[in-house]
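Both complexes shown next keep chain A, but they swap its partner, so chain B is in the first and chain C is in the second.
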Partner chain A sequence: MGTTASQLGKDLLSEYQELTFLTKQEILLAHKRYSELLSKEDRNLTSVPMEKVLSLPELKSNPFRKRICHVFSTSDMKDGSLTFEDFLDLLSAFSDSATLEIKSHYAFRIFDFDDDGTLDGGDLEKLVNCLTGKTEDTRLTPEEMRQLISNILEESDIDKDGTVNLSEFQHVISRSPDFVRDG
Partner chain B sequence: MTSLKEEVEEKKKLIATLRNKPWRMKRRLKLLKECQAFVEEFEGALGKGKGRKLYAYKVMMAKKMIKFNRDFDNFKTACIPWERKIKEVESHFGSSVASYFIFLRWMYGLNLVLFAFMFGLVVLPEVMMGLPYGSIPRKTVPRAEQDRAMDISVLLDFGGYCKYSILFYGFYNDERTIGVLQFRLPLSYLLVGLGIFGYSLMVVIRTMARNSDEGGDGGDDGQFTFAFKMFTSWDYLIGNPETADNKYASITTSFKESIVDEQENQKDENIHLRRFLRVLANFLILCSLGGSGFLIYFVVKRSQEFANLDQDELSWFEKNEVEFVMSLLGLVCPPLFETIAELEEYHPRIALKWQLGRIFALFLGNLYTFLFALFDEVNAKLEKEKSIRNATIWGLNEYYSNYSSYHNTTDIPPPDIHPADVIRGPCWETAVGIEFVKLTVSDIQVTYMTILIGDFLRAMIVRFLNYCWCWDLEAGFPSYGEFDISGNVLGLIFNQGMIWMGAFYAPGLVGLNVLRLLTSMYYQCWAVMSCNVPHERVFKASKSNNFYMGLLLLVLFLSLLPVVYTIMTLPPSFDCGPFSGREQMYNVVMETIENDLPAFIGNIFTYATNPGLILPAVLLMVLAIYYLNATSKNYQNANLELKKKMQMARDEEKNRRNNKENTNQVMQDLEDLLPNRSLLPPAAEEEKPPPVLEKGSKSPKVAKRPGAAANGKGVNIQKDVSLAAPNPKAAVTHPPGPRGPSGNARGPPPGPARGRGRGTPPSRR
Partner chain C sequence: YNRTMKLRRRRQSRPSIKDFSRSARPSIRGYGMETDCMETEGRKRDQLVNNLQNLSLSDRVRMLRAMPLSVAEKSELRYLYSSTILLSTSLSFSSLYPAVHISLSFSIPLSCCLCLSLSTIVSLFFLTISVPLPQVALKRVSGRFGTGVLSYFLFVKTLLFFNIFLFLVTGLLLAVPQAVHPPTLTQGHEAFSGLELLTGGGYFSDSVIYYGYYSNSTLSKDCRPSYNMPLAYFFTIGLAFFITCIILVYSMSKSFGQSFRIDKSHGILAMKVFCSWDFKVIKKTSVKLRSENICIQLRELLEETSRKHVQKTACQRIGRVLVHVLAWFICIGSTVACVLALYYFSEYMHKDPLLKEASLLALPVVVSLINLLLPGIFNATAWMEEYDSPSVNTYIAISRNLMLKVSVLVVLCFHWLGRICWESFVGQELYRFLLMDFIFTILDTFFGEFLWRLFSQRVLKRKRKPVFDISRNVLELIYGQTLAWLGVLFTPLLPAVQIIKLLLLFYMKQTSVMMNCQSPRKPYRASQMSTIFITLLCCPSFLGAAVCVSYTMWSIRPSESCGPFRSLSTMFQSGKLWVKELETHNPNLAWLAWAHSYIVENPLFLFLAAGIFLIVIYFNTQVVDGQRKIISLLQEQIENVTSLNSLIQYLNPS
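Let's look at the complex of A and B:
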């Protein structure tokens, strides 16, 4: 039900305000940015392809941008394209007033690279590689990587099954002083 | 009827919490529309019968209230100034640099309120309802200075017309009430002067309290270091590739550091050398602090001697020596401290704290030395004032006796002297005010000059000389500057301290500061964006915020002390300012109580200030503090106990599970995700099986047999699936049913245990 009309309907706007953590100005601004992404394309499209979304300056430098698009996309083709409502969901989850539960839930899904519901060693390794950049001299050696992953699992894996699941993840995150700031 | 009402309430609650559910928008929208339709339909129905109109009215008011609240929130957000500018800085430089600008904006708000107080309650009444310039001696430039009163150099020194204007204490008249409204100016002056401190104190403490209770749990040092680094180290507000690269590098460095730290915990080589070096470094720094304090004292003493000489013979340097030296020290010493601190070899975060502490001590020492020197000057002026006062009184008596003996009347008109010719006392309060204003102005000048030269000029040189220089200027020696967060924040804090100290003696100082903060915001935003590069180690602005607030609080107290001391002990000048002629400044409050308020209030105050009442009150407060302290300690202990219990429960759990092979093989059904109810690991729920669980939850631990939990024995094993099995995306093979309790001995199912599982269904209980 994403709208591509140039104006957002008033009751739709108030419903969005009810359902997201965004204020009215933020929703209108989001609509404007979204329309700009669409403007060069066919007007009839209801969703913006992933490459266009990734061209947004805010996402361009983010190492998790592709994962973010995949997580928030509801398209059947799993191509990471976002409708306007997906876009609003994205902004709402990242907004300052979002609660801890929402943020940790989506963070978990973003970090879960293989979408299997847990963070296992492969996911963690991909995570670390995303964080340490693309160039060779900033990557960790395999030995360091192994050490790092075992340290993390030791800290966060409560039931010792070799993976971090959602509640373990939320438990860790809820203790983080940075995270609690918005909670 | 009631059940309907309950349902309506429930739907309303659901609407309120909808945004917290991690579902897709489409689904939420559908649910919202359903709930709203339901509420609308049945809310009308509920209002049948008597009281219907009232009920409908209440409902309508509630809706309007919600809408009004939402609009007001929107409006408040729109009113926050400079939001976009700060976000832009944040995306380029990370949140730590942006936190400085947020702090600056907060300061601006505080100063705006203080300015409103001062201006509205003190300056405006005097200007509108008080006597104009030139009517009485204190408001007129003395004859001797009149021919130079308009000179730029004199004005820039805050002499001449500036000195005898609303900017300074001396201008204000001491009439008890002025104007048609009978506005009590002296009382208002005193109360506003003290109210400025009260308001600032309240705001700072409120901000600290708000910050502190969100960061309170962060003391679990070392418990989750790696996990935090992994999951929370990325700053999502970064929008600039260069900053992102820096951030990558710093994350990598911090990973490597922690890995190395973890491995080499025991290594402490040559601890004696390190200790010696640290002691040496501290000694050097103490020496330089003492040296700077002495230098300031010396310079202020010299300036007093200069003041006695003829003003025309002094060079600009000699006239402004004090401010110049203080600013110079503020510029030179911090880098000096940093170089000395390299001897100490602390961890960077600890080193930063030491550095901040030392700079703080430097500024504090300088300020207080300046104050002491100023105090000597004040005493000297008081001495001089006594003689002038005696001279004036004597002159007046002479005039009266001559007049009466000459004209033989007792009705003597006041002496007819032009206000500019009257003998004037030295008016120490205005002198103090002038000193503070000059200090603030020179501080502003130095800051702006530093930015212009240190950042802008440097950037220009590096950019344009790079074409014709032997080595790469951008990567090598000068390169572009980084934004010095701690230096700027401390500068801001101390500037505010000076404003607090000087506001009582120079009401115009607060207005000056408001202007300064406004221009600072634009100027520094521009400078940062155009001349600076992101830090090498981009670190997040986290709990340090309370650190700066704590410094601000300390500075507030320290600037409160001199002002309160002077109000209480020093006598006001006899011929200038709103308290002239009184014994002490606070006497104006006593007079007001006696004359203006009804008698019984005076009695109340007399009783209240009785020492017999005050001492018990103080005792009571001390006891209350002790009690609250003890209570908070008890809470902390209780917290620790609970944590230990959780730890023990977790360890027990670990031991039980260690023998079992299990795997997470459940796929999350994203659309059916239900919110997680509890984030804590289970306390002691292993023995009793939990009740019916959320639908779709399946035990991932197929190995658990139903009897295990019930028996409380944790040993039985059924190795159905090995740990190494990959987690497949399971197809839905059977509908979700109520789960057996076995797998879920811990309260909430471990995360992905929602959705459909595969393999054999767990045996029911």
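Let's look at the complex of A and C:
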């Protein structure tokens, strides 16, 4: 690990250890994987374009991969490109030691397809379609979708405004202990 | 803008983050995630930096980590608050870091020695377990199959920990001293032949493995300190069981606490939609499979919610009851038939007390066959019954299997007593049972998974691989562990056999699962199932073994010719004799004898303790009921407030 450790300074490494839920080995491994994504391109680039990130085997088949890139990206152009720090944010939020609040916060943002801060009917429909897959026989019929969305809103919308906000989402999540393991 | 955004704005102006105390979790609810309230950004940040400065270092680090901000923003905050600290940063963070980490992971009051030792045991556990069972293998399994199958392998790890602990305790305190002072043998040693590994008899029967080898006197050589063997035996076994009990109850309560939720029945559909995506799954085919599963589950749940209102007719209900009665009749009948057959078979086999080595294996083979075939019959009856909910199905299957295994063990107990050196014989029998169980598991994996997959793919031309049946495999593990716990008293080195067995099983099952199986169709509430597994491990398994061992130590007369308790009426008497001896040698310790006779031997003490325990449980259930009521009241209040707000807006549109 000699060469990679010298690329990532000790101060930076300890700072990242303090600010994220990752251990030292995990940060160094992340740096290695990130550098591999950059290796074919110009070294002076500070952020990796979205297509490259999506080529990672862990994200390739994930139906939420585009949303994940958009949520963790801090670029001004909103093109989903990730800097190394964004990449660390991503890994930290999905690591096993991340708290329920962090995971639920980012999950909410991932599921919020139109970025308006709440999950309305359109967001929920897109979410269910992502979950059930692309093929025709696994998609729900429009009738089933309508019933499902009205059931979800009935169960989780506490203030009855027709959308699920962050607090209501976190309330639903906190009742399911599997969320922390799977996320 | 909708109402929720406005409400959130109003909430932000309240003083944020009041709960900085060590006990409360840092709450991020004061931090909205919108970026459009720019003018409050600066104010928010200053407030945040002020709040962070008032915390201790470990709390600050924990708080900062838990904030849902990007790393760049967090490092800015860190710079802001650390630059205002007068304490010199010449103590670089890298040297403070180990201290921070330790205080985070061991945040327990040091005054409580028991908690400290418990947490050191638990952390030792994590250290030792990560060595033989690699994380990479587990990651591959969870990547393909999700957390349900992973919970099986984690359970194997847990069992491995218990066995390593038992082995260390009994090995160091019993086997090593006795091996260093070998007793003089009355008969000659038998020659070693390979069959011993299977039957446990022959060469092994007069070795440190079994109870009969241990001497009943104080061991001492010329200059070494004396070692009272019977006392050591009694206290070691007692202590090992006691500590195992505490660890089991602790992990069971922790697991239960994590998975218990107050209003569970409400909101299943929303929970399923938000939480069912398993981000650990990587492979494309598994992702597709998962999507299909989710679609099926959602459809089933929708159907259930719309079907809830349909009532069954009286005729249908009677029909269902009859089907259930018939199924239970079949299950109980087959269990009783097998148990009786086992009883007569063992009578026939044990008529002749001097049996040939190989024929000793017949009984374990029959028992393992019964354990293999009868659950198949139970599954068939469950399929006939068609239970509505899959969890009820699982519980009924588990209880039927339990009933079978307990009755088999009870019948065997009748045959183990009444021999010359019955403890060693029981130890040998349990060794044989454990080994046979393992051999049958290997055969079952080979035939049931590998060959079945080949058969279903080539001959039946099915596209799907066979499903990995998690509950059946876990029950087999629990059964093996029960045998190991029963056998520790008679065979102190039995945990070593169990350790080897579990290690081999781990790698074998992992290879088999990757090659031959697919994940189960039904959704796996992994944390709920882990709680059930560990509860089953604690309650019928460990409790039964502990009750049997305590009964043996308390009431049954040890055999006259072998073992460390040769001359005593019960094993427990060795403890009593030691206390009396202490009293005569040292009159200051008379209170110990008094405490012993009035507390340990007096049943009133136990009744009192049980009564207090029940009162505490009742109190806690009342608290939970009250909390449920409060939750429903609060939900009503929230609804009322929003409808009131909308009414006000409607009447006053401005």
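Criterion: the second predicted complex is superposed on the first by the 173 of 183 C-alpha atoms of A that agree within 3 Å, B and C clash if a C-alpha of one lies under 4 Å from a C-alpha of the other, contacts with A are read in each partner's own complex, and residues count from 1 in each chain.
In this text, contacts are C-beta pairs under 8 Å (C-beta built on N, C-alpha and C of every residue); 3 or more make two chains touch, one makes a residue touch a chain.
What you are looking at is a predicted structure, and each value in this text was computed from that prediction instead of being measured.
Bringing the complexes onto one copy of chain A puts chain B in a clash with chain C.
Contacts of A:K10 after superposition on the shared chain: chain C is touched, whereas chain B is not.
Of the two partner chains, both chain B and chain C are touched by A:E85. By the touch criterion defined above, A:F169 lies against chain B and chain C together after alignment on the C-alpha atoms of chain A.
By the touch criterion defined above, A:M50 lies against neither chain B nor chain C after alignment on the C-alpha atoms of chain A.
In the superposed model, A:Q25 makes contact with chain B only, not with chain C. In this superposition on chain A, the options for chain B are 25-33, 385-393 or 403-411, and chain C clashes with just 25-33. Once both structures are placed on chain A, chain A residues 15, 17-21, 57-58, 60-64, 74, 85-86, 88-89, 94, 99, 101-102, 105-107, 109, 111, 117-118, 124, 127-128, 131-133, 138-140, 144, 147-148, 151-152, 155-156, 158-161, 163, 165-167, 169, 172-173, 175-179, 181, 183 are touched by chain B and, in the other complex, by chain C. For chain B in complex with chain A, the residues that touch the partner chain are 15, 18-20, 22, 24-26, 28-29, 32-33, 70, 73-74, 77-78, 91, 214-215, 217-218, 220, 223-228, 230-234, 236, 238-241, 243-245, 248-249, 251-252, 255-256, 259, 262-263, 540, 542-543, 650, 653-654, 657-658, 662-664, 666-668, 670, 673, 675-676, 679-681, 723, 727-729, 748-753, 755.
Note for the complex: chain C touches chain A at residues 2-5, 7-8, 25, 27-29, 33-34, 61, 64-66, 68, 70-72, 74-75, 78, 92-94, 97, 100, 146-147, 258-259, 261, 263-264, 266-271, 273-280, 282-284, 287-288, 291-292, 294-295, 298-299, 302, 305-306, 525-528, 635, 638-639, 641-643.
Residue ranges on chain A touching chain C, taken from their complex, read 10-11, 14-21, 57-58, 60-64, 72, 74, 85-86, 88-89, 94, 99, 101-102, 105-107, 109, 111, 117-118, 124, 127-128, 131-133, 135, 138-140, 144, 147-148, 151-152, 155-156, 158-161, 163, 165-167, 169, 172-173, 175-179, 181-183. Per the touch definition, chain A reaches chain B in the complex via residues 1, 15, 17-21, 23-25, 57-58, 60-64, 74, 85-86, 88-89, 92, 94, 99, 101-102, 105-109, 111, 115-118, 120, 124, 127-128, 131-133, 138-140, 144, 147-148, 151-152, 155-156, 158-163, 165-181, 183.
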